[in-house]
Amino acid sequence: MVCGLPGIGSVAWLAVNHLQKELKAELFAEVFSPMFSPKVWLTDDGVVNLMKGEFHFWKNKNGENDLLIFTANEQPYSPEGQYELAEVVLELAQKFNVTRVITMGGMATDKFTEQPKVYVGATDVEQVKELEGIGAVKLAGGAITGTNGLIFGLAKPKKMPAICLLAETPGYLSLDANAAKAALQLSSKLLNIPVDVGALEKQAKENSEAVQRAKDLSRAGFGHESKKGGEKELPYVS
Amino acid sequence: MVCGLPGIGSVAWLAVNHLQKELKAELFAEVFSPMFSPKVWLTDDGVVNLMKGEFHFWKNKNGENDLLIFTANEQPYSPEGQYELAEVVLELAQKFNVTRVITMGGMATDKFTEQPKVYVGATDVEQVKELEGIGAVKLAGGAITGTNGLIFGLAKPKKMPAICLLAETPGYLSLDANAAKAALQLSSKLLNIPVDVGALEKQAKENSEAVQRAKDLSRAGFGHESKKGGEKELPYVS
Amino acid sequence: MVCGLPGIGSVAWLAVNHLQKELKAELFAEVFSPMFSPKVWLTDDGVVNLMKGEFHFWKNKNGENDLLIFTANEQPYSPEGQYELAEVVLELAQKFNVTRVITMGGMATDKFTEQPKVYVGATDVEQVKELEGIGAVKLAGGAITGTNGLIFGLAKPKKMPAICLLAETPGYLSLDANAAKAALQLSSKLLNIPVDVGALEKQAKENSEAVQRAKDLSRAGFGHESKKGGEKELPYVS
Amino acid sequence: MVCGLPGIGSVAWLAVNHLQKELKAELFAEVFSPMFSPKVWLTDDGVVNLMKGEFHFWKNKNGENDLLIFTANEQPYSPEGQYELAEVVLELAQKFNVTRVITMGGMATDKFTEQPKVYVGATDVEQVKELEGIGAVKLAGGAITGTNGLIFGLAKPKKMPAICLLAETPGYLSLDANAAKAALQLSSKLLNIPVDVGALEKQAKENSEAVQRAKDLSRAGFGHESKKGGEKELPYVS
């Protein structure tokens, strides 16, 4: 199962929505709850929708593991709601005999990078090593806040293997397709499910150009000096 | 069923209270709950009343659909309370075999207009079209916050047809009778139940004159310049 | 039953505690609950006590109605907690066949008066008139916030006669014994239970002198001018 | 049972963790709950852990009382959660026939002292006297906030003897090993279980030197004047 709710840089949400669309995974369950914000939203047709979580299912034609995909419009607004949603997601995962839970997120670094690193934490050391083997960086210490972290952490007492992939993202981007691409590519490699990331790449390229334009303006005298390289930034993980 | 709780410009609350009084609909159920504010209010006679929701019933003498009317002193103060109240309202609606749920609200536009448009969202495309046919404007995208939106949205998974009518209202009016009149007239047309809107019109006229006086003062040099026309205002819906 | 929790000017709390001590009413039930603040307090002996509500019982030797007295260290910190506590109090009152619920409070007026008026609201018009007959002033309109108001208001759907007595108190006094005395004397007259208010009078006298000293200082040039008399103050009721 | 959750100066948490490590007490139960913050934390190996409470058990080889030790990563974030956790801890204590509950905390005094006093409150006067007999100071009045106080206070209606030890700590220290040492030594004496406090002493010495350096800087002209001695500081207890 791959899970991603909106969070820092919308990394997880972008990655998981892209995955669902590329695989044409099918909606099979919805979660409505007072743990979401007290509001509704409308489609361009004027049709109402509740805030909700959605489970999509993808049948693997290669005979390997099928895939459950979970995402939501937003994170529950209350701490209890975040725990509650994480439990709901894991209970459904257990019913479907999910063999591994993959959650994602962004790690704010305050600087833009073309090749964001992807950090990994897991419910056991073996999985950390497995992920290091395919290019992830061990997340040594620190905290992961929010539902993406709780789905990951609550899997542990349920004895479900789980990992959390956190792609580097500058804190100032609200939709970081580049980081989403990095997190998704690592998941794709791990799951052995090829995913075309063209659309994310296109969006990431636009991001990159926008950042470049901002830098050019800065060099031309409009901005303040950037911090000297080599300084260790305090990571904020979400 | 027609529902309206206090919200932006008190549009829904004014419209639904007016409807209840004009039809002389009869009180038949009350909702008390800790989801309301921890306070009580007193009548001019010194008699205490709790914060509450009220259901009124109107028997249609033409043999057509009878009408349930729901309103409350206030919206529940907590998000969970708003979901809870919306559920309570819809459960009662189901018991009474309500065929359509109509909720109302205001859409803040930051400018005063004599002829406020009424926007419409619905649980399906057909109803949106039906309402467009009698003068409503499709609400394409956006969010509706609060209990008026939740009653509307939670009707969808219950398979109850529902619509939400949002009348344009300047955000600075606390009681916009003009917008309430517009929303109510559209409901009246839809339900085929004639409603005398004289009292609302009178209040609306007073509103209008007060706004005019403020404008005159402004032109005389006391106010700041108004925004140039034609600028698209960001709608805030409640 | 007479109820008084801490609130504005501590009017109700002072009055009910004084009543309990003067009558030597006996503690017979305690309410512990997470609806109170997460803290404990210590006596001068170093012995711990929880935040709690207390029910005292007084046996009327004249054969007339006995008396239940309820008070608490504080009001529950959450709105739901305030509703919950009010329900608990009324349920116990029902078990004891309480014939009338009397709650108290302060009405902030922003000015000091030697003879505070006592306002009254009730669950029906007859009780308002009865209280007017013995010197109370009808509370025409307005809201009463907090647990003292909820115990009063929630009695109504339970068909228990209830009144709320609100004594005028300047908002700046944290312990207004003068207002407490006024509220208590009216209750005493209503219940036909004589209560010696000597201790409250003594404390009230000290209050009064302190206010006088502050006024003298003010006249001597240290303070700002007081508001002109006769201005109608907006009452804030709690 | 000895309990200590993070609080002011981390006094209780430092003391109880030190005790658990010195005695090599064994983990035997964990408390997971939505009452903790919605986040997870990672070890240096990249392995995830939930916010949680932990019960450790120590078998007393002298045949005297065995020991339960409770601590947690943090205090529950909501007041209800603090009550709930305190109840969970005491229910487990009851199952294990715990004969006395010892909780700890810090009492902020705003000044550093080499020999912090340890104040004591208890569920009865006898225990206060017993503790005074071995060097504690009676806590006469005041409030104790948070879970450490609630575990202590909620023991009283359960008829479980309980005490709370509060060591003086300057409010500006986030980890006061000196205060933790003082609280732990008193517990050790009371329980008749010798505990090596070497590691706490080392940390306390570093604290002390850091404070001294700060004072030297202050005398050299960088700091503001310290308050005159002998002034009574308002204690804030947590």
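Order as written gives the chain letters A, B, C and D; numbering starts at 1 within each chain.
Here is the rule we go by: a residue touches a chain if its C-beta (ideal position, glycine included) is under 8 Å from a C-beta of that chain, and two chains touch if they have at least 3 such contacts.
Everything numeric here is computed off the predicted structure, so don't read it as measured data.
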> Considering subunit B as a copy of subunit C, what rotation angle in degrees (nearest 5) results from a C-alpha superposition of the former onto the latter?
Replying inline: 90
> Since subunit A and subunit D are copies that touch, is their contact same (over half of the numbers shared) or different (under half)?
Replying inline: different
>> On a CA-centroid basis, which chain has its centre farthest from subunit B's?
In response: D
> In whole angstrom, how far does the Cα centroid of subunit A sit from the Cα centroid of subunit B?
Replying inline: 39
> Once you find the CA centre of subunit A and the CA centre of subunit C, what distance in Å lies between them?
Replying inline: 55
> Using the touch rule from the top of the page, what residues of subunit D touch 2 or more other chains?
Replying inline: none
>> If every chain is a node and each touching pair gets an edge, what shape is that graph: line, ring, star, complete or other?
In response: ring
> Every touching chain pair, please?
Replying inline: A-B, A-D, B-C, C-D
> Can you list the subunit C residues touching subunit D in their complex?
Replying inline: 30, 32-35, 37-50, 77-78
>> Which residues of subunit D touch subunit C once you look at their complex with the stated criterion?
In response: 79-80, 82-84, 120-125, 128, 138-147, 149-150, 152-154, 156-157, 162, 164
